[in-house]
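The structure that follows is given in the form of C-alpha cells.
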Amino acid sequence: MIKLINIELYKIFKKWRTYIGFIAIAILIPMIEFAISFEGTRSLNFVTREIQQTFIFVGNLLNTYFVSYLILNSLAIHIPFLITLVAGDLLAGEATAGTYRILITRPISRFEIVTSKFIAGMIYTFLLILWLAVISLGLGYFLFGTGELIVLKSGSIIVLAKNDIFWRFLLAYGFALLSMGVVASLAFLFSSLVENAIGPIITTMAIIIIFLIISAINIDIFQSIKPYLFTSYMNTWSSFFDNPIDTTEIIKSVSILAAHIIVFFGFTLFIFRQKDILT
Amino acid sequence: MEQNKIIEIKNLSKQFKDVKAVDDLNLNVYKGDVFGFLGPNGAGKSTTIRMLLSLISPDNGEIKIFDKSLKENRIEILSKIGAIVEKPDFYGYLSAYKNLEILGKISGREISSKKIMEVLELVSLEKRYKSKVKTFSHGMKQRLGIAQALIHDPELIILDEPTTGLDPQGMKEIRDLIIYLSKEKNKTIFLSSHILYEVELVANRMIIINKGSAKVEGRVEDLLNANKLRVAVEVDNSEKVKMLLSTTRWNENLETVANNKMIFNLPQNEVAELNKYLVENGILVNALIPTRSLEDYFLTITQKASG
Amino acid sequence: MKFFTFLLLPFIIFAQSNNPDVIIRNLKNEFNKVKDYSVDVNIKVDVSFLKVPEMNAKIYFKQPDKIHIQSEGFAMLPRDGLYTSPLSFLKNDYTAIYVRDEIIDGSNASVIKIIPLNDKGDLVLTTMWIDQKRNVILKVESTTKTNGTFTMDLNYGDNKYPLPSSMLFVFNAERSKLTQFDRNDENSKKKKPQMISGKVYISYSNYVVNKGLPDSLFEQKGKNNSNISSDVH
C-alpha cells in the first residue's frame, strides 16, 4: 500500500497541474502581504477604528498572525479550486489517458487503487495547506514580525497573547485540511464517475459556490437548509481563535466534515469497485 | 490426453444496454498454446479480454484462469498475466523506463532495473528509455506495450490486436516476438486479431467469434487445412464440363455451379491436374482461383461487420 | 480606634479647606513636585465584548502633559482612564464647587465638582474626591460627550510622590458602532445598540521619578510606541 501511495504521489508531482496550486499560493499570498505592508496600519484600522476612540492601542497588531488570519479567512473559494484541480484528476485522469488498463490489470485490488489515490490526494491537500501556512506565516513574520492577534468574532473583539496564538494556527490549519479534505473527497467521488477531469473540477466547484451562495442569502428557507450544507462547517476553523474555545462547536464541525469525507470516500470505493473500465 | 487448461471460459455473457457484446461464449486455452482469438471489429473480442483481465465484470458465466476462478483469485491470477488491451496507453509525462518501473513495482514481484532494460532491449526501445512516452510514435508505444506485458515475466500473455497501426516491418517484428516467446520462453499466448492471416502465421489453435459467440474453434492446421482448397474455376461452358467430369473422380469434388463458375473442393496437388484435363478436353479455362473455405467465411462476416 | 478618630477629628477639620480653589491649588502644587516619571503598568480589561489578555506597558510622563507609552507587546489603555496627572481634568476653563466631605476607603475626601466654562473639551461634568491630607485624587466621576460616563478609583499605597499604585476604571457607554465590524456575524446583527459597561484595572509599579526624561523620548514613533498629545480628553 505504501508503495502504491508513493507511486501515486510520484504521478501527482510529475504533472504540472499539481504545481498550479503551489505557484498560485506563492504568488497570491506575497501579493496580499506586500499590499498590506504597503498600506500599513490602514488595513488594520477597519477592524480597530471604532474601539480606538475609547482605547489607546500600543504594540504591533499588524503582524504575521493578523495577516495570516486575514488570508485564511479570504481563501474559502480559491483553495478548494486548487484542491479540485488535482483531486478531480486522480481517477478521471487515468480514464482520459487510458492508463486504467495498465493499472487495473496489475495484481492489485481496486480497493488499494482507490485508497492509495485517495491518500495521495490527501497528502497533496496537506502539502498545499502546509505551503499556505508556511508562506503566510513565514513571509508575514519577515514583513511584519509577530505580536498579539486581534480577532473579531461573535460581536466581540478578542486579543490573543503572543504566546497563545501559534498553536491555534496549527489547529486552524489542521481544520482547514479537514475542510479541504471534504472538497478533495467530493472531487474524488466525481472523478470516479467520469472519464474526464474537467467534469469533477467544475461540478465540485459549482456545488461549493452554490452552497456558499445559499448560506449567504438571508432568506428563511435558505437559512433552514444551511445546517445541511457541509460548507457551513468549513468556517469553524476560526473558532480556534475564540477565547475560550467553543469545543462543542468544533467537535460538531469536525465530526460532520469527517463524516462527509468517509461517506464520499465510501461512495467512491463502492462505485469504483463495480465500475466497468471501458476506456 | 488431458491437457493443462490455462484459460477456461464457460457461458460468458456481457450486455451493454441493448447490445449483447458477448453472448454465451465458451473457449479453452491450453498450456503452451498460441491461441488466436479471431473476429471482426465489434465481435466482442475486447469485451472478452477486458473480462479476462477483470476490467469489466461478466453478467453471466465463469472464467477460470490457471484452473482457478478469476473472481475469487483475481490478484494471484493477474500476477501471472501480462497484457495489452487495445491501444497502448501510458503515463505520457513519464519516461519509458519510469512507466515500466512503476508498472513493475505493482506487478507483485521485485523488478530490477536490469530487467527493465532487458525488456526494453527486447522491444528495441533501450535507446529511448529516458524519453517521455508522449514523444513516442504509435509503433514505439505498441512495443512498449509489449514490454510492460513482459516486465514481470508472466506465464500467460494476452495481446489484444498488438499489430494494429504498425507498418509491415513492425508487424513482422511482433510476430517474430510472439513466436520467440512461445518457442523459447514457453509462454502461453492469447492473441486477438481481426486478421486471419496474422493468426495463421503464429497460432496453433484458434477461435473465430462473431456477435459475441464462438463460430469456429479448433487447431489452426485443421481449420485452415492447406491440402483442401476451395477452387473457383471459370470456364466457357459449365454444362459441358459437368458432362465431361461426370465419369471422373472429380465429380465428387464439385460443390456448386453458378453460371460458368464452378466451385471444387480439392487437395492442392490436384488443382494443376484438373486444369490440364479440362484444357486437354477443349475447355477454355478463364480463371482458376483457389480460396480457403474459412477465409471465405471470415471474409463474409468481416465484410458484414464493416458494411 | 473609634476613640482615636474622634480625638483627631477636630485637627483634621482644622487642616481642611472648604474652598475648592485652594484644594485644587494644593493638589496642583503637590503634583508639580513631579517633573517627570516613568512607570510600569499592568492592565487587566474586563469588558464583555473585549477578550484581552493581561497586558504590560511602560508609561513616560513629563510636565506639563507629555505622555509616551511603550510596550513590548500589544497593550490597550482606556483613553479616559489613562491617569497620568490630576491636571488632565483641569486643562480647560472651569468653575469648581465644593460639595461636601466624604469618607472613601477610610480616608476623608472633599467632593469637588468641576464644571467646564466652554465646549472645548470632551468632559461635561467631573466630580473629584480629593484627599486634602495627601493632596491626591481618590476618585473621579465624569460624564463625557462621546464616551459615556466613567469613574476612576485610585489607590496610592505608600508612594512618596502623589502617584497612584493602582486604579480601577469603570465606564459606561452606548454599544453602537463598536460592534458593527463583523457583518457576517449573526449575533451582532440581531443585537440592538445597548448600554455596556466595562472595567479596566491598572496597577502601577517601579516608578522612576524626576530622573530627567529627554523630550526626544516623546517624539519617538514606531509600532511599539504611542505618543499621546494633550488632547487625551
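Some observations on this one:
Letters are used for the chains, namely A, B and C, taken in the order the chains are written, and counting of residues starts over at 1 for each.
The definition used in the following text is that a residue touches a chain if its C-beta (ideal position, glycine included) is under 8 Å from a C-beta of that chain, and two chains touch if they have at least 3 such contacts.
Since we're looking at a predicted model, the values are computed, not measured.
If the chains shown are joined wherever they touch, the resulting network is a simple chain of contacts running from one end to the other without closing. Chain pair with the highest count of contacting C-beta pairs: A-C. Put simply, the chain closest to the centre of the protein, by Cα centroids, is A.
Work out the mean CA point of chain B and of chain C, and you get 101 Å between them. With centres taken as mean Cα positions, chain C sits 48 Å from chain A.
Separating the centre of chain A from that of chain B, both taken as means of CA atoms, is a distance of 52 Å.
On the side of chain A, the complex with chain B involves touching residues 3-4, 7, 10-11, 14-15, 97-109, 274, 276-278.
Within the complex formed with chain A, the chain B residues making contact are 50, 53-57, 74-79, 81, 83, 85-87, 89-94, 102-103, 105-108, 148. Residues 46-47, 50-51, 53-62, 145, 147-148, 150, 152-162, 164, 243 of chain A are the ones that touch chain C when the two sit in their complex. The touching residues of chain C, counted against chain A in their complex, run 48-53, 57, 69-80, 82, 146-147, 171, 173, 177-182, 185, 187-188, 191, 223-226, 228.
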